[in-house]
């Protein structure tokens, strides 16, 4: 059940990098949700490469084709399926890849897992390209949530070996304008200075035939208090389960997260106060979640993205067929940093986890 | 489905802090697995309070009673159920708790989630006490894994505001003796000096009517390469989903984890070399996992534990019935730090996630 | 995941006939549902043996002990667990049973499935005794449904080789009085003459050291139109999946069911008419279900119960250890017919399937 | 999760009768299973209309396009997805259908369930056309099972108001030739005389602008003893859950099934005897299943198919917008009997349920 997520909203992601097509099916979406397909395509374009000088020069169009589940701009309540045709399929010889695994990629464990039958072309099902159908499902979820007044935004919290920081979202309440601006930026930062420094850091890495990683912060505004569950299906469990489905994500935390381990209880506890008749925690170290349930504060989480494993430098590997050491130079064009393109993916992850939770809480008759 | 985990091995955790009993059912355990019930009780005792001067002085016996699924020291293949009778039930008046929520606890969101019907006594189903049945299931999983040559160990990676560090497990291969010693320590550290400093840090916090948190590192040795799956049911997704089920866990990462975000690709990629005919990555920044699948290196992960929210100091809260601000002093004896007791829980989490994965991969006829 | 049912309401059934206890956990029940524990016990007593002269003379008390999830007569929203202590455990020598499998029982396939480690005493986890915890969960579901105006009733539709028929429920709308009377009868028939003839048929079989089966009809009144789903999670799929979990059930059908195969479309289609502003199908061959979704008519289904496999006559079997033919006489007291005791079980099945469906449709915040 | 089936092998069915496409994704198929796509297409052609004079004269080509998960004639271990483009989409005006529901169809409950947003064109997601992607998944499963020596066959057990019977499969062991012949027949009967009588019965119904139903018997040969589970995930539960996903199926039974209710225990129990060192039940009233687990005998089950609800005669219905009675004549070409076309669908159902069970039992590394 590896490529499926959700309990009330079940998403199945399918495809391989060089297969005829990639896509998803979405089961459990309520009927009557209005969908703006142009807005969906705009969202998909945010993760497409080629928007910014720092990304790979390869261009994909990634046009989503809705196969079913949507009539006259509204969901029908039946499964939605959508595909993206792969234009560039199986042209190359991938024999070397099968034999000499790329460090930091899934080549080696996948070969064992699938007895060598996995599709290695372009990374097969392990390719970052599979985040495109995840974003189709996530983009639809974002629209469904927006109708309930829930808005999700993400940005690069920090990037590169020096951890160049952007302004944290956790401490600001973004208005509609700021949210729109953030999502339309070519480089998803709040602070223009940070964006400039990050761009330089990425170009430096590219010049060195190397790559850099970073941390993405994602916030959901408008989630009412009382949604979620204790133990294994709370908000944290659900977001983390989906977020670790993104290749390159190696850590997920919530609110103060790992930093909370370095606070005392008196600092980390968020004190309650009344504010115009509403319960209003004065800080949000909990990231809007206590006991797996929303507190009414913004849901705040972060994910750590490792540096792109595909680098231009020669690397040490092994020849699995010959059983000896081998050096490897990964050819082709690579993103020296996938963090900017992973920002909308974080929003998709968050939207899918929250919509699933809401549908489980309020039922599939509810939106 | 909040209090259930697993896909091939389904564990249902039930109970409330002051209900007649807490317990678990475990569905999907293969038949014929030998179970040493004394060893299981020893494992449960590791999370019980009162083992070390730094913990709460309250003593629980927490004797697990196996109800079914085990005959003549072997699993029967039918569901295993076990309960722990609660000795100390519903004696107090919890009306204030229902009215004035404790900061950092689930009191407030749970009241909304359950329309006030949730059991507040002792924290109800949100109590850390529910990690006892999790440890029953986890302790059984640890024995099943040990039979397949998989050993799991955890320790306190660092503790307190200064982050007092223990020797990292990631860089050492522990032998059987070291593993036994680590699990029999009162204070689960490798380095005695670190243990001493951590104890002092905890006692300082207690003196200040405050609390501290920390980070736990957990390692699984002996997981063969090729176990796991891409996307949403890989090793990371499974461990994270269960780990966030522990109250107080606010972050989970794997291998270099969040630190990987601060490395360049050339540093973070683990180079492959052959070693006596086997593929042997020379470093383990991946934490033994690429593409959700095991690489054959130890599985390494960390979880951030926030400082205990129950502290002796007066805290700001609100009176939910009166709709006004209110101060709160949490009475009773508290752990100034739950990190040491959470170490066996981390092992339980890891064992349950890995056994579930192995049963899904190799079938329920397989152990 | 064999002994778990439900998607929104997850029930885990555990226990073996001669283990210390049998029981269940119920995850996903909304908070605040009032539970009358005496009414629950009365429901359990309906499946207990010894109520009627036709059943085995062995008496079980089967008192359910609620472990958690209920406070002050209301559900807390956390998992409910309940157990029944087994009083009569592992006293006999079951070696012959392990060696010489009883025809019509699971002894032989279970021995292979569990490599001989399954608990054979009293049938282990395959015992009809496991329907007791199913009835605990079902009895709770019945109360939750009654609060929403949904009432469930079952009776023996026909019994024995001649198929002695009772008045079909499908063609009558029972009022509250009739429902109460049906559930308080010692022998669950509407027609007293039918009950008398069925009793004689059972006693005849007992005299012949033989057994008889029958068909149970179950109806749910008050299910509003529009609940359910097409394909694999509709009302039929859910009821059938749970009903086949009862040992001895070999067939399930809905409305006209198998008889529909012998009708022409013009006879089988239920014509619609308006009745005081409501859509009212004039017949109910569909059993209240079209496309997996309720039509607003009563949900009607039947299950075929095979004759009790435990009979007093000598039967042909094999000695699995010696690898040769062997004759077998099953000792002990047996029910010559379990159909009467299976009537409340059918109601439990129906209640669990419908409550699960309703919670998935309307959410876990909804009752 | 309505249009998904399976636990280890998860199939998602999507599409609507007049949407751009219908299709399925299949998650959990092991890597390295050889797939013959021509054989798959032949299987799909068996359910296509127009093969026999008794079926609708409309012809669909129903060519399956594999999108991913298959490379060089073998499964890759990643999700398989396949679609069939709908050639005939949304041409008609379906306003009347939305207003005046067809008796025996899901039109009325679906309108309520989806608040009128469901796609009514051609029956939308409720159309029998959705059995085409079910057959894609089932056809792949059949090939995977055949490799393990498991062969599945189905035929029309009886048809029409008189229940014209074919030779029962339960009492014969078909050889490879007989299996091939059965699956290549235009009219899936063993007995040519029965086939002829059934054809006449169907043509009679067509002449009367009416329709007939029937019962399909399906057998799986070569399932080894010991596969399955007690309670809710046994062979019966799994097959029934999927079979009731076929529109028009109103009953499912196993082995003697409903007839078992009319036998005495001494007749219904299958006696064991040894046969050349193997345990060989002498009859198969159990349908190869005891306690949810295979006995090593053929798995035998039946499903009742109601007469096609679309008939040419004028029928009583209601106008849901006007709130008054209305007569309805369903236009277009209809199958006067869908039973022959449902035969390969029964095989698909059986194959999917059994392969799912085998993968759960033996793991996803196992084929």
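Letters A, B, C and D mark the chains as written, and numbering starts fresh at 1 in each.
Methods note: contacts are C-beta pairs under 8 Å (C-beta built on N, C-alpha and C of every residue); 3 or more make two chains touch, one makes a residue touch a chain.
All values reported here derive from a predicted model rather than from experimental measurement.
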Have a look at A-C versus C-D and report the one with more C-beta pairs in contact.
-> C-D
Per the centroid of Cα atoms for each chain, what is the distance between chain A and chain C, given in Å?
-> 46
CA centroid of chain A to CA centroid of chain D, Å | 39
CA centroid of chain C to CA centroid of chain D, Å | 26
For chain C, what residues touch not just one other chain but two or more?
-> 1-4, 7-8, 13, 78, 113, 125, 230
Based on the touch definition given at the start, go ahead and assign the chain network to line, ring, star, complete or other.
-> complete
Of chain A, residues touching chain B in the complex = 1-5, 7, 13, 101, 103-106, 108-110, 112-113, 125-126, 130, 158, 160-163, 205, 208, 210-215, 225-234, 236-237, 240-242, 244-245, 247, 249-258, 260-274, 277, 279, 281-282, 285-287, 290-296, 304-311, 313, 315-318, 320, 323-325
What residues on chain D touch chain B, complex-wise?
-> 7-8, 78, 230, 359-366
Hey, which residues of chain D end up touching chain A in the complex?
-> 1-4, 7-8, 10, 12-16, 19-23, 25, 27-28, 31-32, 65-69, 71, 74-81, 83, 113-119, 124-125, 365
